[in-house]
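Just below sit the structures, each encoded as structure tokens.
What follows is subunit A paired twice: with subunit B in the first complex and subunit C in the second.
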Partner chain A sequence: MNHFLSQSMTKLFLVLLLFSASFLLTGCWDRREVNDTALVLGAAIDKEKGENIKLTIQVLIPRAVSGGQQGAGGGGEGPTVLVRSAIGENMADATSKLQTEFPRKIFWGHCKVYIIGTKLAKAGGLHKQIDFWLRHPEPRERADLFVSVGKAANILELQPPLELYVGQALRKLSEMHIGMSVTVKDFEQMLKGDTGTALLPLIKTLPPLTGNKQETIANIIGTAIFKKDKMVGQIDTKVTRGLLWLRNEVEVTAVTVNPKKGETISLDPIREKTKLIPTIKNGKWKILAKITSEGTIVQNGSHLDIMSTDITKRIEKELEKDIKQRLNLPLIQVKNGMNVDAFGFADAFHRKYPKEWEKVKDHWDKVLPQVDVKIAIKTRIRRPGLTTTPAGVPENEVEKK
Partner chain B sequence: MLFRKNRKRFHEQIQLNTQQEITGQKGLLSSDLDENLHVFHSIYQDCMDVVFRTFLIGGQTRAVLIFIEGLSNLEEVDDNVLAPLASETEGKVRPRELLEKKIHISKMKEVKTVTECIEYISVGFPVLLVEQEMVGLALGLCKWEKRSIEEPQAESVVRGPREGFVEALHVNTSLLRRKIKSPDLKMKSRKIGRYTDTHVVIAYMKGLADQTLIEEVENRLQRIDIDSVLESGYIEELIEDNPYSPFPQLINTERPDVAAANLLEGRVVILVDGTPFVLIAPISFFSLLQSPEDYYQRFLISSAIRLLRFVFMLMSLLLPSLYVAVLTYHQEMVPTALLISMFSSRETVPFPALVEALMMEITFEALREAGVRLPKQVGAAVSIVGALIVGQAAVQAGLVSAPMVIFVAITGVSSFMVPHYTQGIALRMLRFPIMLLAGSLGLLGIMLGVILIVVHLCGLRSFGEPYLSPIAPMKKNELKDSLIRAPWWGMNKRPHLTGEYNPYRQAPGQKPNPGKGDES
Partner chain C sequence: MIEKGKISAFQMALMIEPTVVATAVLVVPSVTAKVAGRDMWISPIFGSLVGFFSLFIVYQLHKHFPEKSIIQYSGDIIGRIPGKIIGLIYLFFLLHSSGIITREYADFIIAAFLPRTPMFVVMGGMILVCAFTVLSGLEVLGRAAQVFVPIFMSTPLLFILLIPDLKLENIVPIMEHGMMPSILGAVIPQGWLSEVSLISMFLPFLKDREKGGKWGIISVIVIILHLVIINIVCLLLYGESVTSYAFPVLTAFRYISVATFFEHLEAVVVIIWVMGAFIKISVFYYVLVLGTAQWLNLSDYRPIVFPIGFLVCLVCIWAAANGQELGRFLRTISPFYIPSIMTFIPMLLLLIAIIKKKMRNKRQPVPTNP
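Right after this comes the complex of A and B.
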């Protein structure tokens, strides 16, 4: 008994000794107190002379955002973020140069917005920069990517009136799916895809409302179109909508038609679906874009009684016409104008006709202009909204048919 | 070596003690009253509370009544013993007959040896010794001060019986007997403690409790050789399966309803004189999460509360460690907005997250301990000072961050969610090593700690019963009463502790339903 006891005590001490040693041996090599980190909230890269880039980062000033009771005294005024930039051969090089300007360790883990300047985008070779975001353990693969009109660094200097920092504002805008919403991972996959076509949201500084020039945000004004990681063109918001519709990515859009001059009816689509059906017949490549759309009427600025099925049929027809027009815009501008397959036609053909695709995949650029695109739209008005007759129109003036 | 020496000395001492006892007390009573008196006087030398009352039976025969003041019912002794015996009788009567005629007491024992006499005197029986008689009489007239039955302080319920065990053993056994009227409720008594001679009762249900279990309990109690048993905790530590485990392998309760319910599930209850806490064995990890109220409230609510308890139990173990790990190693895991707010509140804190967490947790433990120990009047002051200083001033002074205070508070509350105080303590203590692991290895360290605990729990047994019993090994039927509590009409089978026999505790098909019961 006592022999056992002393033995187990020795064992216990030994275990405790090893246990305490483990704290010294690990060395906590990757320990990183929050007080010692510089939290990067947004980053911008611009082209510099030669092959160099200029990396600009936006770092949180923790003292400035202290919320709650203590914040009432100290924080509140002054910028919440600090913007610094450095020139380097690539991201990693620029980062290490930036590090010399910060007493705290630069931490990429919360950088959710990357902005690329147009100059760099047009110069090409973006794949060299993305590699850092995908290889380094800290940056997020799901950070949003943007292309800015003009210098990207300027956008990080803005002080958004509603949000804490520009990155947050941009991210929220992109989440609404008004324009393209592309993460680093998506961008990389697009570049690797069949056609090497990539789309990035294009942003531009909004004109400020007040006198303070910095107090504004940047918003999405269109889409930058990339071919083999080089920006080849851009389209505006309206065209982007049509593009999103064809790519089956559209989310919130109200479609307005004019049954008569000066009268409007708006439909808020609640369910949209696009299906690309490729066919190859007698060597002719065709795409049928089948689009179904359902929605609620949110505004009726006409004299029409939308409760009547005849009238809804008529409006549906009008809507289809309107949508068709929207869809034609990107087809004309992007497909015909830039000869870029931004719609995923290549994927559709690849999936259905893998053998034929093998033959054309190297000269898809030459095949694309010949692809014939047909659009078939089916629209349904599911709900007339909360009122029946048009608001403020006397009963006898409402058109029943 | 240290231990070996001590033990040798201890053995010598034991022998000395026992020798003394044998020479003094094992002898038979003599027929000479003076000689007996001499023996008892020498045994009870310097015991001011022992009373020797000499008187004449029927005015002729000398007799002496020995009792301890405060343990015997003096009124009864006066009325039923002294008065009838001392009254003058005519003619010569043999004192033996007189005793039988005149004393009317339901509980009376003949004693023949000095040891027996001492035993009875100690529990409050007055012992009557008569001239020329080799046999004494122990009169069952004991009465001592005891606490009345009150609501248990440590285990209160909203719905359920309000009575609790008290310090007096026979009151406790009677409380159990009042709940379970079947004669199958057996209570075996034994005495433990060389000086205290404490009554310990093993209660079990014959036919429900496994015979081997009862034997095992008896064996383990048999082995105990200790000079005093002042609380059931002494016994608990001496019969545990793994004495080094932080987890209790027996639970204690103050509630007769809990004890009765466990008896009916085939467990053994150990009652100890002098304490309201009875021990229950064997138990599993999940019986520590069960509150008596679970069985009295409606089952859906009980199940929800049990799940809540389980979640908070995990939180009380892991929350501060997760905070430390995330803040020192895994900042990318927190949503940005949350991190920014934590970031800014930690800005003025001069300590690393681990030190901050350890400091706060230890302070909280100190406050809790102080609150428990302090007299009630001062306790309020401590809690106010604690709440103000720790909660408010420390944050304002920038010594600790506000989120840390929140986490400590949540941890504190969740550690009190565990209905059994003992297990709450185990988890509270274990969270400190896990915090150290989290501070040195991050989430990896937390997982290491959790794995260590789970491995330990898997190996732990309570009286041979696996500690994680309904889950590992899996007992499908008993899952009904583990993390959830099935309705009573759904729990037809007893827990497997009962052995293979007697598996059903109720008739099947008792789920209330409008179709049934309408026989006509």
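Right after this comes the complex of A and C.
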């Protein structure tokens, strides 16, 4: 009996011991309740007087989001996000000042968008700010970076009609590869690269169409060009397209040509590939950009019968000419105008001619203007689309040749 | 023998894999890239030479003394007192490296996940779990390895999700500055690979001793593959800017994002990594405890498990003042410190053993031929 009692006592003790282990599982020091955190959804930094910066953050209001889902009929009353800003010496300093304005702990883990004001970008020294995003354990390396025309803080105050908050809208825009799509890690990598040239998408507030001035989003209007983490110039969307084409990053673009005045034919390229082939001959540095693109005709606003192979060939030639023009734009503006290697020419030479590169790497700026760029384009129209002859044109008016 | 359990050669190979890789994945890519640059992925292949060499030496020693561990046969080879001194050096090294490894584990967990948790809790929790494993003996450790290590080794598969972000052109030009940088870069991984020589403590307890050498070689090959894959992924993801990151592999897992919702995978990966770290710390801890028991000629090693665990905790705290000092130790001292004990001492022992045997063979014919 006594023996049995002591055995069950031991068992009881063991069970208690096992239960006590559950106290260890709570992780007392680093526990973080969702209702004690302020989720940052987007951040903007602007230049302030002196060396200071102004950090603006957008924080989710959980009550507004969950309420909106329950009262589906009523629709989103009240804002879903809260915007606050503080001035500090750097990101960490400004964050600690911002913390005094929030009853909840600021949490960076969900911030996927950082917007930098043009003033700060042009002042240089961006490396001081990006260090926080890479060093602090919370911010994510995958967050997208943007440069805004004017004050970055203003963009966070917008209310995008389609998305819940600006950060989401910007992220989706960036994913479509209309302009550059650059994460914090990419930016750091570009700055550390051979030439120290970095590119960031440039955004600007879209003019609102409705009465509510805030109800709009910012869209990508071009590319900001950085040299040694200082913004040295900007290019518009058209030039950016050409740049993306040369960088082999282009995704959706319709190419439209005019076979005759007032007539248009558009191609939707499905596949584009760019290869930069560097050659050094007799001390002359040359780049051959070999571009192949193929696609489908999506609109034929001419009298041409695109079912005919002769005409297809002709249109392909026209398309090639048009693409070539697009590619020349960034070469003229960025390479010749700013003398910046935004195309990855240096990397291409470095890969193929490491020894020659070693000699010029310290004065690449002087070599770059002398680099001769040739473009070779092959365009293939794979399919005519779902119609044969141009829509609404009588058979006898269609040009077969 | 003090340890009555038996493990299979396969289990031994599974135990050795995380013993090298678990902490190597933390710092090796970044440190190797500092020296080798773009050729960082070649370095583990050169480093493996030290791994194979250590394996060869301890296996040869094992053939000379099949029932004994390095603590025991060092006395047979160079005499009782010098043997004890060698054993003491070896044990002190094991104590120190167990502390350093636990510190690496704790530092990583605190830096990346639990910034406010005191180090003693992170490290003490781990040591406590390892102590129970060591207390249960070699068989339990072998089975734990059999359960955890296959999961641990499968983590590189998750890099498939990272393929859209990898840029193949980052790898060229290969050997831009010749072979030298990649060979110099191998100095870092070779230090870790020399830890393979820990199998000298396990070889006497194998069920299938004839397979010990084979599985040792397989284990080294898997280790190299693991390190090369990790280095290649880091290189393709970051290019040469991999040196900017303290824990590039962690950041690589953080970078995974599939269709914008399948992300924040690092928590899962770190849970799996902790399994690997657990095996690594347990292996060092077990070898330390068993070695101490053999050195002191104890009949059982169980009573000293907890006292030694306490010592490991102390060394873990004393090991370095801060993360920078630990990093400096791992970058500059440990590539020479680990092989000097793990490879160099067994090598000397083997040389002396061979010379002694030759001399004995020479001497023996003399008396038979008067």
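The rule is simple: the second predicted complex is superposed on the first by the 369 of 401 C-alpha atoms of A that agree within 3 Å, B and C clash if a C-alpha of one lies under 4 Å from a C-alpha of the other, contacts with A are read in each partner's own complex, and residues count from 1 in each chain.
Going forward, contacts are C-beta pairs under 8 Å (C-beta built on N, C-alpha and C of every residue); 3 or more make two chains touch, one makes a residue touch a chain.
Predicted, not measured: the structure shown is a model, and the values here were computed from it.
Undergrad: Is A:30 contacted by the first partner subunit B, the second partner subunit C, both or neither?
TA: A:30 sits against subunit B and subunit C alike.
Undergrad: Report for A:164: first if it touches subunit B alone, second if subunit C alone, otherwise both or neither.
TA: Only subunit B is touched by A:164; subunit C is not.
Undergrad: Looking at the overlay, does A:369 come into contact with subunit B only (first), subunit C only (second), both, or neither?
TA: A:369 sits against neither subunit B nor subunit C.
Undergrad: Applying the touch criterion given at the start, work out whether A:140 contacts subunit B, subunit C, both or neither, answering first, second, both or neither.
TA: A:140 sits against subunit B and subunit C alike.
Undergrad: Quick check on the superposed pair: does A:347 touch subunit B, subunit C, both, or neither? Answer first, second, both or neither.
TA: second
Undergrad: Please work out whether A:50 is in contact with subunit B alone, subunit C alone, both, or neither, and reply first, second, both or neither.
TA: A:50 sits against neither subunit B nor subunit C.
Undergrad: In the overlay, answer first, second, both or neither for which of subunit B and subunit C A:189 touches.
TA: second
Undergrad: Report the partner of subunit A that touches more of its residues: subunit B or subunit C.
TA: Of subunit B and subunit C, B contacts more residues of subunit A.
Undergrad: Pick one for A:175: touches subunit B only (first), subunit C only (second), both, or neither.
TA: It touches subunit C, and subunit B stays clear.
Undergrad: Once the complexes are superposed, what residues of subunit A are shared between the subunit B interface and the subunit C interface?
TA: Common to the two interfaces on subunit A: residues 30, 109, 140.
Undergrad: So in the complex, which bits of subunit C are touching subunit A?
TA: 111-118, 121, 125, 169, 172-173, 176-177, 237-241, 244-245, 251, 254-255, 257, 260, 263-264
Undergrad: Give the list of subunit A residues in touch with subunit B in this complex.
TA: Spelled out, the residues of subunit A in touch with subunit B are 2-3, 5-6, 12, 22-23, 26, 28, 30-35, 37, 39, 41, 60, 62-68, 70-71, 75, 107, 109-110, 112, 138, 140, 164, 168.
Undergrad: Can you list the residues on subunit B that touch subunit A in the complex?
TA: That would be residues 1-4, 7, 244, 327-329, 331-332, 336, 339-347, 349, 352-353, 395-396, 402, 436, 439-442 of subunit B.
Undergrad: Could you please specify the touching residues of subunit A with respect to subunit C in the complex?
TA: Residues of subunit A touching subunit C: 24, 27, 29-30, 109, 134, 137, 140-142, 171, 175, 185, 188-189, 192-193, 347, 350-352, 354.
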